[in-house]
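Each of the next two complexes has chain A plus one more chain, namely chain B in the first and chain C in the second.
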Partner chain A sequence: MLENGQISRQQLFILVFLFSLGSAILIVPSAMALTSKQDSWISALLGVLLGMLLLVLYHSLGKSFPNQNLVQYSEIIAGKFVGRLISFLYLTFFLLLSALVLRNIGDFMTTIVMPETPIQAIFILFMVIIVMGAGLGLEVIGRAAEIFLPWILLLLFILIVFIMPQMEMNRLYPIFEASVKEMIKGSLTILGIPYLELVIFLMILPYVRQTNKRGNAFLWGGFLGGLVLSIITLLCILVLGWDFTSRHSFPSYTLAKKIQVGEFLQRIEVMMAVIWFLTIFFKLVLCFYAAGLGLAQLLRMQTYRPLLPPLALITVVLALIVYPNNVYFRSFASQTWFSYALIFGFIIPITLLAIHKLKKN
Partner chain B sequence: MWIIIVIFAVGIMAALQLPSLNKKKLRKERSVYLLLLFIAFVLASLESLRIKIPNPLDAVTIAVKPITMVINYIFQ
Partner chain C sequence: MSIRTKAVWLLLVVIELFILTGCWNRRELNELSIASAFGFDKKKDQYQLTVQVINASEISANKSGGKRLPVITQQLAGGATIFESMRELTKTTPRKIYSSHIRIVVIGEKLAREGIAPVLDILSRDHELRTDFYFIIAKGTKAEDILKVLTPLEKIPSNKLYSSLNSAQNSWGVTSKIDLHELIFDLVSKGKDPALAAIKISGDPEIGESQKNLDSVHPPVTQEYDGMAVFHEDRLVGWLNPFESKGYNFIRGQIKSTIVTVGCPSGGKISIELLRENTKVKARVNDGKLNMEVKIQAEGNIGEVACGSEDISNPETIKGLELAANKEIERMASASITKAKQLKSDIFGFGNAVHRSHRQLWYPLEKEWDEHFVHLPVNIEAELSIRQTGSVVESFLQKMKGD
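Coming up: the complex of A and B.
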């Protein structure tokens, strides 16, 4: 076995929750406000419901092979050659997703927090931590998530409570102005980031203790993560208005900027940025871990740890070249990403599950 | 300047990890490691010398174009 560590159900729950918040909390509100305007909170809730169906699909695929992960059972289901090809494609997906997530945090830092720092410096610092985390294994990642969760919850609570005085209900009206079509189109955003990306947990599910009850933790984590995303989207519309939300790259950060309680509690947005750092850290470390572990399993290696530093260097270069500019990023995130994630998050898993069920009968 | 950092980083990685891979006689692991390190080195050097590397997302965009078009058609 490459990974001897095991995580508990509670840790799985926390990891799914943090994974679904990471980077989505920065991107989703603005992308969604673009299509369904002031109704994007309804889109978000709709997307969460549709996303739960996806999680049920992943869970039932994972349940069929309780002790093996995606790379291992795709070979059993689809045969040696096709299975390995599928695994290889998934590895490219995981690595590319790592690069995109790294680029998100880099863009966030260089646009808003540290505009004069070269983006490479942020990438390198972040990747060093990621390589350390992924090298220590899943058990350590799980425990770190347990330690950081209270802080993230506290900061989210502060954000939501202190922004409440700034809300204006009339920004929400008219409700249901968007047609059903537009609402579904808006919900595709939250479906693409994070729900279709949660397919990564097919690499992690077998390392959860008490394999029979892990489904609940998985589904609840995804549900609560989606709910927080919906609340943040709603707050963005209530405080900033949909047009400002859709024009801004990181509306949830601007949201935190608006906090002003009395004349003394204001400009605490960098504290709030800790939410994004921590959630993005966990998302990135899981993507990167899945890529490293999967590559080692695909090539039947005895350890995945030596592969991590070269992979990290490749990820940094990828993160530098993926988005030549901000316009490219926005059109990719709103147009292409959903189709790309749909192949890996829906079409391949459901085909694998169908072949497995047919073979069994 | 970046090319110096790249050479330095790759050198440190190899110096730290190759001895332990050699000692444990992990032949396959070592060859995969060296291949990955070579790819990483080539990519990072090209990038640091400002030579344009093709963007993988362009390939992805072309590859999933049919699905994107269907989705855009459904939702106009």
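Coming up: the complex of A and C.
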């Protein structure tokens, strides 16, 4: 076994929850408002429901091989050659996702907080922590998640409570103005980010200590993560209006900027940015960990740790060249990403599951 | 741990010290010129930017003597774009302008008449600017002149503009605080036009910009809020006077507190201080015809009785006063609607109200909403309840008259 550590169900739950928030919390409200306008929150809830179906799919695939991860059982299901090819493709997916997530946090830092800092500096600093976290293994990541969760919840709570005075119910009306088509198109955004990305947990599920009830933790984590995303989207619309939400690169940050309770509680948005830093950290470290672990398994190595520094270098460079500017990214995230993630998040898993079920009968 | 691993750890820690100071983009206070207000004007084809820069050493509490001005106003009729002119300012200011602390943006009348949208984009794009500053329109003058007036009661003139805008809205209800976010919202939505607070200068601007204005007990030059500026799309089309502005604020539900004055039957006046106000605007359809229903609910206390003959202690009188005050509020509100209809500008957001509740009806009207707005019947209903009479009930004036 490459990974000897084990995480508890509770830690799995927290990791899934944080993973679904990471980077999605920055990108999703804006992309949704672009298609389904003031009905985005309905789209979001619809997306969460559809996303739960995906999670059920992942769970049943994972349940068929309770002690093996995706890279291991794709060889069993699809044969040695095809299975390894599939694993390899997944590794590229994980690595690309790592690069995209890294770029998200870099873009956020360089547009909002420190515009003159070279983005490489942020990438490298962030990546050092990621390599360290992934190198320490899943157990440490799980425990770190447990430690940070209360803080993230506290900040989310502060954000939601203190933004309430700024809400204007009128901004929600007319409800159901978006057509069903627009509504579904909007929901695809939240389906692509984060639900199709949660396929990464197929690499992590086998390391959960109690195999019997881990499905519950997985589904609940994904559901609550999606719910928080829907709430943030709803708040963006109530406070900023759909138009502003769709035009801003990072509407949830703009939302935090709006907090103003009396004269004393204001300008706390950078504190709120801690939510994004922490959630993005967990998303990135899991993606990166899955890529390293999978590659080591594919190459039949004894340990994955030596692979991490070179992979980190690749990720940093990839993050630099993965898209030229944020305009490109916006159209990529709303138009291209879904179909790309659909291959890895839906088509391959369901084919694997189908083949496995057929073989068994 | 062996000595070697210890050494490696130590080295790592030392390297971290250099990386983690986190001050790549640091800007020390002494390297900044803090701007407190922007003014935009148009001169021929060029945008003219006026910036009020705080003179930090004069603001500090323990300054020793010296009579330098607390603020410096810089302007430059510079580049073709605003961003260009902002950077061009570095030619005259010693340091780069830091604009996170902007309180007020003043727009000159000429620019406002030509359209304010072009100046708004940079304000929403620049990450340094927050969206919590307010917009005001210089009535009959240039933004530059407004920002040049020195104010005796506030060291920083833009702070004076900011706080007097606040207090005029909160306790008098004749201005309106609109921040960037709301303004863009109004510009984008088809069913509401913007209305911004208007400001004018009384007195000679030349004197206002010199120390003389600070030396007199009765400053010869002051900036004064005067009603509101009405926009259609992004162009200034007319003004509301204070009376109409109050009516506007009643319809928008933006009155925090104000005074409603009603006449006594026997001459003289009674003032009622409003403490709470709440407005509901609804679009209704009667026999296929669209009409608006505006319901204004308010609570208030009697603040001043300037007529001797009324018996305030009689519940009937109070009821009569309530009715008279309702009439007065309705009169203000309909005055502002009449003005807005003349200007063909739906500053009340009636279009949005139609969109919210009757969206099927709205789509065909959307394109020519100004025309429909002009002919839109509006039904105003005010309902004021008087709760208290202040610390006395009957006025002593009544006793005096009786003798």
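By definition in this document, the second predicted complex is superposed on the first by the 361 of 361 C-alpha atoms of A that agree within 3 Å, B and C clash if a C-alpha of one lies under 4 Å from a C-alpha of the other, contacts with A are read in each partner's own complex, and residues count from 1 in each chain.
One rule holds for everything that comes next: a contact is a pair of C-beta atoms (placed from the backbone, for glycine too) under 8 Å apart; a residue touches a chain by one contact, two chains touch by 3 or more.
The structure presented is a predicted model; accordingly, all values stated were derived computationally and were not measured.
Chemist: Classify the contacts of A:Phe332 with the two partner chains as first (chain B alone), second (chain C alone), both, or neither.
Modeler: Once the two structures are laid over each other on A, A:Phe332 reaches chain B alone.
Chemist: Which partner does A:Leu353 contact after superposing on A: first (chain B), second (chain C), both, neither?
Modeler: So A:Leu353 meets neither chain B nor chain C here.
Chemist: Going by the contact rule set out at the top, does A:Lys185 touch chain B (first), chain C (second), both, or neither?
Modeler: first
Chemist: Counting only touches as set out at the top, which of chain B and chain C does A:Ile158 meet: first, second, both, neither?
Modeler: A:Ile158 contacts neither chain B nor chain C.
Chemist: A:Leu224 contacts which: chain B (first), chain C (second), both, neither?
Modeler: It touches nothing on chain B or chain C.
Chemist: Between chain B and chain C, which makes contact with more of the residues in chain A?
Modeler: Touching more of chain A: B.
Chemist: Can you give me the overlap between the chain B contact set and the chain C contact set on chain A?
Modeler: none
Chemist: Under the definition above, what is the set of chain A residues touching chain B in their complex?
Modeler: 96, 120, 181-182, 184-185, 188, 295, 299-303, 306-307, 309-311, 313-314, 316-318, 320-324, 328, 332, 335-336, 338-340, 342-343
Chemist: Touching chain A in the complex: which residues of chain B?
Modeler: It is residues 2, 6, 9-10, 13, 17, 20-21, 26, 28-29, 32-33, 36-37, 39-41, 43-44, 47, 53, 55-57, 60-61, 63-64, 67-68, 71-72, 75-76 of chain B that touch chain A.
Chemist: Give the list of chain A residues in touch with chain C in this complex.
Modeler: 111-112, 114-117, 121, 125, 170, 173-174, 177, 240-241, 243-244, 254, 257-258, 260, 266-267
Chemist: Can you name the residues of chain C that touch chain A in the complex?
Modeler: Residues of chain C touching chain A: 19, 24-25, 127, 130-132, 181, 184-185, 188-189, 352, 355-357, 359.
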